[in-house]
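Paired with subunit B in one complex and with subunit C in the other, subunit A is shared by the two complexes that follow.
Up next is the complex of A and B:
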C-alpha cells in the first residue's frame, strides 16, 4: 500500500516539477521585449556597453594633457603575458631634483587577454579598461599602442 | 458544409475523364497528388526548421536567424542551397548500399504517413478504413532507416545511437497506440475521416472527460519520444554520441534525416490534432447552432494547421525546457509509468463508453 501511495506521489511530484520548468521557459517566451541579443552593426550609434566590460587598457588624460602614471611599472610586473612595456627616463625637475617619469607607456594589444590584472595593480589608478571593443586594424603594427599622449606630463601631486 | 474540397477534386476528376482514357486519368491524378505532397513536404520542412530556430531563440532570450531575408525568413532556403553544394562523403568501410538506402527509408516512411492525414473536408489523399493503424504502422518503419543508418556507418557512436533509438521506439510505440485506442473506444472506427466526423458536436478531449485528457498527455509524451526529439533525443545525444545515427552523413543525405525528423513531428502532431482535437473540424459546442455556424466560417485548413501548430509548439516547449533523460530513466518512464497508466485509462474509458457517460 505504502509503495502504491509513493508511486502516485512520484507522478505528482514529477508533473509538478515539469510544470515548474515549463513555467520558467514560458515566462521567457512570453516576454519578447526582454531579449538580450542585439543587432550589432545596425545599433552602432545606440550601443551601450556594460561598465564592467573589459575592452582595452587606456590611460585617461585631463584637459591639461596630464596623466597620473608615475612609471612605477607595477602593471608591467603583474601582466602575465608581457603586454605592457614601460620605458622611463630620468629628468631634472625645477627644484634640481632628479625624478623618474615615463617616456613611453607601450601597450601591445595583440598580446593582451583583457584579464584586467593591471588595473588593480596600479597604485595611482592611472590606467583603466575602456569599453571600446572594435580593435580590427589592417596592419599588426597598429596594435602596438603608446598610451601616454605626446607632450603629456604627470599630474602635480602624484608620487 | 461551407468549405468542401470534394467539389474541387470532383471537378478535376471529371475534366480528366473527359479528355483522357481511364488508365491515364489514374496516372495523372497520382502524379498530381505526388506533386502536391512533395511541394507540401518541402514547404513543411523549410518552415518548420525556421520556426524551430525562432522558437528556440525566443525561449533562450535570443533573436535567432535575422540576417537572410526579413527577420531571417530566407535562412532555411540558404541552408538548403549550402547543403546541396556540400560533398556527400562516406566512411571507407561503410556498407555502401545500406548507407545510401537508409535516408530514403526514413523519408519514405514520413511521406507515407503524411499521405493518410485529413487536411480538410475532401482534402484527404488516402482514406483507409484502418487509417490510424496505417499511420502508426508506417511511421514506425522509420526506425528501420535509423537502425540501417547506424549499422551501415561502421561507427560505434552511430550504432549506439541507432540501438537506443530502436529500444526507445519499440517501447513508446505501445503507449502511442494505446493512447489512441482510448479514443478509438469512443469512435468505434479506425478511419480518420469517420473520427473527424464523429467530433462534429465537440472534440473528443472535451467529450471524453478525464480519461481523454490523460490519454492526450500520454500521447504527447510518447509521441515526443517516438520522434526522437528532446528530452528523448538519446539517439542523437550531441554531447555523448556526436550526432548519433547520422554522424557519418553529410550534405543532402544528412538533410533527409533532418527533414524526416520535422515531418515526423508534423505527423504525430497531426494525428494528435485529428484524434483528440477534431482535425479540421471547427470548434463546436453540442447544439449551439448559432455559435457552430460562426465557427464554420473559419476554413477547416486553418483549424487543422492551427491545432497542429499548437501541438508542435508544445513539443518545442518540451524540447527547450527539459534536460535529456538517461536510457534507464527513459525505459522506466515507459514501462513503469506510462504503460500501466495507459492500461488503466483505457479500461476506464471502456467503462465510460459502456455506461454511455460520454457526450
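Up next is the complex of A and C:
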C-alpha cells in the first residue's frame, strides 16, 4: 500500500516540478521587454564598447603626423610573447648630433594576448589600447602591422 | 561446429572525446564497458598541453600572471591572485586594504560567473538547453562589470604583483549592486528550472557517489570535496586577502553524489552574494597598488600560496634562486586532482551517468592540461 501511495506522490511531484519550470519560461515568453539579446552585426553603428576594453595596441598620431614613441624598447622587453618588435635607426639631427629614432614599430597582432602590460610600461604614453575587436582577416600576414604611420615623426619635446 | 551457448557479455573499449561535446574541451576518456555499464574510466591528457610551467621559468614575475589566465579561464582572477600573493609573500610587501577588498569582490564575482556557466552547461549536458540560456543571461552582467573595470571579459589580467593594474571604474560599485539585486531575484529561478525538476533529480540523486575518505585520498577539493563532507575551503582554513573580515558559511554536504555537488555550488553562489554585499559599500580609500621594482627578483627560497578557485584549491609553488624568473614553478590545479576521482565515481554506472558526473566535477580542461 505504502509503495502505491509513494508512486502517486512521485508522479504528483514530477508534474508539479515540470509546471514550475514551465512557469518561469512562460514568464519570459510573455514579457519580451526582458530579453537582453543584442543583435550584433545589425547594431554595429550604435555598439558602445567600454573605454577600458583591450582590443588591439595602436599608436595615436596627431594632425601633423607626429607620434610620441622614442623607440626606447621598454614595451618590447615587457611583452611576454614577442608581439612587439622595435626597429630603430640612427639619424643626424639639425644640430649635427646623432640620435636614435624609431624606424618601424612592428606589431604582430596574431601573437598578442591583450595582456595590457605594454601600455603602462611606456614612459611617454605613446601606445594605447583601442576598442576595435573585429580582427578577422583572410590572410595571416595582414595581422602584422606597422604602427607608426609612413613619414611620421616624433613629437617635438618628447625625450 | 562448436555451439555458442553463453550469452555472457564481453568487455570492450570506446573513446569518449577528445571531440565530445560533454567533455567541455579536449579530454579523451578511454571507457572500458560491459554493455552500458562502466568498468573503468581512463583519462588521457595532453591534447592542449602548452607547457605553461616551463614558460614561467623564462618569464618575469609580471608576465607569469597573464599565463595563469589561460589555465582555469573561468576563475582567472583568482588564479592571478594566487601568483600575485605568492610574489608579494616573497617580496614581503603588504598591499593596501583597498586592494585586498577589491580583489575579494572580484574573486567572488568571478566565482559566481563560473558557477553560472557551470549551471547552464550542466543543464545542457543533461539535455536542457533552457538552462544554458538562463545561465548566460545572468553571467553577461558580470562580464560587463569585468569588461568595464578590468578591460576584458574572460582573461582579465587585472592583478599585478603589488596591487591592481588600474583602479576600479567609477561605475563598478553601482553595477555590482545592480547585479546583486538582479541575481537575488533570478537565482531562485535556477531551483525552479533545474534543482526541483523531476527528470534532473532522477539523473543526479544517488549517482556518482564518493565517500569522504576517498575524496580526501584523491585530493578532491572545492565543491567536489565539500559535497562529500570534506571541509577544505581555503577561504576559511587559510584566509587570504579580505576573507578574514567577512562572515560566510562553508557549504558542506554529506551525500557525495551528483546532486550534493550541484547543491553545494548553488548554495555557494548565495554565500558569494553575501560576501559581495558585505564588502561592496566598505571599499576603503587608498592606493590601488604599491610600487614594486620594474624587475622583480624574489629572494632565494621557496614560496607556496594557495587560494580557493571556483573548482577547489589552486596552489602556486615558486622556487626562486634570486633571479628575475623563478627557478621552477609548479601549479597545483584543482581540476587535475578532481579528475583523478572520476574513475571511482563512475565505475558501475551507465555512460549517461558519466556525463552527469563530469558535469558536476566541473572540469576545465586547460586547467588539467597545463
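The working rule: the second predicted complex is superposed on the first by the 122 of 159 C-alpha atoms of A that agree within 3 Å, B and C clash if a C-alpha of one lies under 4 Å from a C-alpha of the other, contacts with A are read in each partner's own complex, and residues count from 1 in each chain.
What we mean here is this: a contact is a pair of C-beta atoms (placed from the backbone, for glycine too) under 8 Å apart; a residue touches a chain by one contact, two chains touch by 3 or more.
Predicted model, so just to flag it, every value in this text is computed and none were measured.
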item: Which of subunit B and subunit C A:80 touches, first, second, both or neither; value: second
item: Which superposed partner A:129 touches (first subunit B, second subunit C, both, neither); value: second
item: Touched partner set for A:18, first subunit B, second subunit C, both or neither; value: both
item: Touched partner set for A:120, first subunit B, second subunit C, both or neither; value: second
item: Partner chain in contact with A:91 - subunit B first, subunit C second, else both or neither; value: neither
item: Partner chain in contact with A:47 - subunit B first, subunit C second, else both or neither; value: neither
item: Touched subunit A residues, subunit B compared with subunit C; value: C
item: Which superposed partner A:137 touches (first subunit B, second subunit C, both, neither); value: neither
item: Shared contact residues on subunit A - subunit B and subunit C; value: 18, 21, 24-25, 36
item: Subunit A contact footprint on subunit B (complex, rising order); value: 55, 57-63, 66, 317-318, 320-322, 337, 341
item: Interfacial residue positions of subunit A with respect to subunit C in the complex; value: 10, 13-14, 17-18, 20-21, 23-25, 36, 49-50, 52-54, 78, 80, 113-117, 120, 129
item: Touching residues on subunit C, where the partner in the complex is subunit A; value: 59-60, 62-63, 66-67, 130, 137, 140, 144, 147-152, 155, 157, 165-166, 169, 189, 192-194, 196-198, 201
item: In the complex with subunit B, residue positions of subunit A that touch it; value: 11, 18, 21-22, 24-26, 28-29, 32, 34-37, 39
